[in-house]
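Heads up, the next two complexes both have chain A, just with different partners, chain B and then chain C.
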Partner chain A sequence: MARALVEVLLLGLVGGVVGVHVLLRRLAFLSEALQHTVFPGIAIAFVTGQSLLVGALVAAVATIVLLGLLARRPRVDPDAALAVLIAGAFALGVVLVSHRRGFQRDLTSLLFGRILAVDTRQLIETAIVTVVCVTVVAALHKELVLLAFDPGGAASLGYRTGWLDLALNLVVALVVVAAVRALGTVLVVAFLVTPAAAARLVCRGVTSMMAVAVVLALVCGWVGLSLSYEASVHHGVRLASGATVVLTLTAGFVLLGAAAAARSALARPRVAGRRSVRGTRTVNR
Partner chain B sequence: MSALVDSLGSPFFQRALLESVLVGAVTGVVGVHVLLRRLPFFVVAMSHATFPGVVLASVAGVSLFVGGWAFGLLVALLVAALGANRALDETSAVGVVLAGSFALGVLVISARPDASRDLSAFLVGSVLTVTRADIVTTAVTGGVLLVVLGALHKELVLGAFDPGGAAAAGYRTGMLDALVLVVVTFALVTAVPAVGTLLAVALLTVPALTARLWAERVGPTMALAAATGAASGVVGLCLSSVLDIAAGGAIALTCTAALGASLLLRRR
Partner chain C sequence: MRTFADGPALSLHEVAASYGRDPVLEGVTGRVEPGEAIALIGPNGAGKTTLIKAILGLVPVVHGEIEVLGTSPDRARGRVAYVPQADVLDTEFPVTALQVVLMGRYRRVGWLRRPGAADRDAARRALDEVGMLARAHDRFGLLSGGQRQRVLLARAIAQEAELLLLDEPFNGVDGTTTELLLRVLAGLRVEGVAVVMSTHDLSVAHLACGRACLLNRRQVSFGPIEEALTAESLRETYGGSVVTLAGATTILTLR
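After this line comes the complex of A and B, so read on.
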């Protein structure tokens, strides 16, 4: 239980920070795709007895390379390329796992993760990923924010935008890989998207968004895990811990959304409000 | 090979074959509209979002189609409402909604003791257990979808390529957009018994993209996509029987392989 809590808090920290960049660059679909495409990597590692982390990492890097190649074809829309990768990778994973006995139990644990079964080695790996990702994002903060708001300006200032894109994609991939074993391959995207989107509803600056996102992810991670533990142990209702954490995050999103709506309803005059606000916001859509 | 000949004789396999051909053909045609309107992320989101509906329907003992369809509509409305908020872009709105709704489905199913088995069936489908009623539902729904798409073909294509022109010509583009979303949701839910919620994405995007590589015009693309989808169903099922692998996964992998081959052959 203590280990699960530490794991959730680490993931909340790194998810909140990186998630803001995912939001700014609209990489939600990429995160979603990555969490599916690492599935066959994990399945192969699982079947051959290799480290799941290595399997997931190889699959994630392969995804980013394949996506780059596919998206260069003029008739292939990038979104369609992502959907194809998701579908193909997921099917491959299912087929690989289905060939073994005990298929359904394995599949369920791969899909939904086992956060209560996190061991110390996994914790250390997650901690390393967290430190690496937060360091990279902090070191490249100025460049990444510039690139998000003004790609043309960043390119004309001489930044290598292609490399910056690649770096950010790899950071997202690392977070997905780290989170996948704890949360499973379908709930990871919640840590990367929901806290940042909630933070975006209440604040404007990039740094303050990161702070709010991290705090929200930490609080919701703790509350969600305790809720699921409490319900399962003391009340006999089995609540999957990963799913409870994600739903708590969603509830946090709804709360902040309601708070933002209430604030704008109270603070602004009703008549001229809506339109004029558009010009003053600091974060572009 | 003898395993294949044996299974071809069994009624399960024949029903599965019929179901996957029907689903493949309908999703192939609908998939062309998905590509034209750049809806792949919406399809992925829907495949996750209909999941809690399917789970709740199974807990409540009502038809899975009804549950998935009702929840899918609810989620489509939520995404539209959140996307209208000036602070959030559509992609993030879709991300938040899909993660939340999928978690809800997992939570409901985790509270039930025999969760694992049901869960896999919803996610990856179990085409070998489709009933006669499932096939009839698929055929009727598919027929209605094709008639709707056929009747509004000209308007839908115009709306996809030139939304401004369609609006200026007096078409109600908002209604047309909503109609396409509803059709996609229907097609997705119809595919659930055969390939499950997650692999339905494959059938709704991959055959259409494959056909797009070979055909220029919308009509032939649709015909080719329907043929690819149906053929993937047949080949995938036979492969799954010979190699003893999950049927839904084999069908999805077959269409992905067709796409891969097309990409290599149509290098230009």
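After this line comes the complex of A and C, so read on.
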């Protein structure tokens, strides 16, 4: 339980920070693609008894390279390319795992993760991924924000935007790879997208978005894990821990959304003068 | 402060630019000296934006040569400021006007460092120059189109570039902003900054620029604006819809 909690908190920290960039650069779909395409990598590693992390990492890097190559061909619709890749990779993973006895149980653990079975080695790997990703994103913070806001402007200033994009994509891949063993290939994206999307509802700046996303991910990770633990151990109700954490995150998103809506509803009468000025500007546009 | 290179700010020789196999634009030849302003005129799809991107080194030049500030477009990047159209940028993006202007300083700030007091001062001065200092902490997306255009010009000013490239800066902006942009650009030219702007507003082109380059997938004319934009050359570029008023001003009915 303690290991699971540390794992969830680490993933919450890195997911909240990287997730903000995922959202700003509109990479939610890439994250979604990665969580599915790492599946065959994990399956191969699982079947051959290799490290799941290495298997996932190889598959993730292959995905990014493949998507990069596809994007250079104007004839290929990027959405279609992604869809083909996701479905194909996922099917490959299922075929690989279905060779084994106990196929159902293996598949379930790969799809939905086994957060309570996290071992020390896995924890250390997640910690390393967290340190690397947070460091890279912090070091490139202003450049990544500029690139997300105005790619043309970034290029005209002389930034090699392709390299910046590659760096961010690799960071996203690392987070997906680290989280996939704990949360499974289906739920990983929740850690990358949900906290940042919720933070965006209530924040006006990039830095505050990151702070809120991280706090939300940490709190929801802790609450969700405790809930599933309490329910299973003391009340005999089995709640899948990974899914409970993701549900708690989703609840956090809904709560912040409601808070944002309530705030703007309350704020309207008080700053009526200023709002109406903005209103006329919008009309002028 | 800016340091200016000797020689032309921009020199084009038989330039053809292309995204793929067929050139989008060809036969562009001309020079822009420091302190000069040139208007890129032509219908939609004429290659105005392509030429700007080629000068930035973002579109491959397949024939001829572009020299920017005495060197190649790639090596001149950073000394050239690009002002995009305000409406190509995401208005939901969580940045303030001041943060947008600070982006112009990022290359000076360098990797791994945050903008310092000097950068903030430069950004505030630039915002003041375009009359937007009072809105420094407002979210960029909440500003009107004209105000966002002014903030983007402030970003270029904060960059302290020697060559300014503007993509349709007067598109959809109000009269106040048009006057202000004209005044600020004139001020920059006095300092020695060269200006290249694409526009399809001929009256504004006459007010802002001494020279013009008329394009329609190839260069039609390049020179002093009165010589480059004759009724004849405009008719050749646009077709029949050209009206000449009082001999001097040529007005085009586009919309």
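In the analysis below, the second predicted complex is superposed on the first by the 268 of 285 C-alpha atoms of A that agree within 3 Å, B and C clash if a C-alpha of one lies under 4 Å from a C-alpha of the other, contacts with A are read in each partner's own complex, and residues count from 1 in each chain.
Note that in this section a contact is a pair of C-beta atoms (placed from the backbone, for glycine too) under 8 Å apart; a residue touches a chain by one contact, two chains touch by 3 or more.
The model shown is predicted, which means the values in this text are computed figures rather than measured ones.
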Checklist entry - Since both structures carry chain A, what do chain B and chain C do when superposed there: clash or fit? => result fit
Next on the checklist: Let me test your reading of the model: by the given contact rule, A:L239 touches which partner, first (chain B), second (chain C), both or neither?
Outcome noted: first
Next on the checklist: Between chain B and chain C, whom does A:V180 touch in the aligned arrangement: first, second, both, or neither?
Outcome noted: neither
Next on the checklist: Contact-wise, after the overlay, does A:S31 reach chain B, chain C, both or neither (first, second, both, neither)?
Outcome noted: first
Checklist entry - Is A:A43 in contact with chain B, with chain C, with both, or with neither (first, second, both, neither)? => result neither
Item to check | Which partner reaches more residues of chain A (counting touched residues only), chain B or chain C | outcome: B
Checklist entry - Where does A:V95 make contact in the superposed view: on chain B (first), on chain C (second), on both, or on neither? => result first
Checklist entry - With the two structures laid over each other on chain A, which partner does A:R200 touch: chain B (first), chain C (second), both, or neither? => result both
Checklist entry - Least CA distance chain B-chain C after superposition, rounded to whole Å? => result 6
Checklist outcome for this item: On chain A, the footprints of chain B and chain C overlap at residues 200, 278, 281, 285
Checklist entry - So in the complex, which bits of chain A are touching chain B? => result 23, 26, 28-29, 31-32, 36, 70, 73, 75-77, 79-80, 82-84, 86-88, 90-95, 98-99, 103-105, 107-108, 111-112, 186-187, 189-190, 192-194, 196-198, 200-201, 237-240, 242-244, 246-247, 249-250, 253, 257, 260, 277-278, 281, 283, 285
Checklist outcome for this item: Listed in rising order, the residues of chain C that touch chain A in the complex are 20, 56, 58, 77-78, 80-82, 84, 88-90, 93-96, 100, 103-104, 106-107, 109, 111-112, 114-115, 139, 142-145, 155, 159, 165, 174
Checklist outcome for this item: Residue set of chain B touching chain A in the complex reads 35, 38, 40-41, 43-44, 48, 85-89, 91-96, 98-100, 102-104, 106-107, 110-111, 113, 115-117, 119-120, 123-124, 198-199, 201-202, 205-206, 209, 212-213, 243-246, 248-253, 255-256, 259, 263
Checklist outcome for this item: The chain A residues in contact with chain C across the complex are 24, 74, 139, 142-143, 145-146, 148-150, 152-153, 155-158, 200, 203-206, 209, 278, 281, 284-285
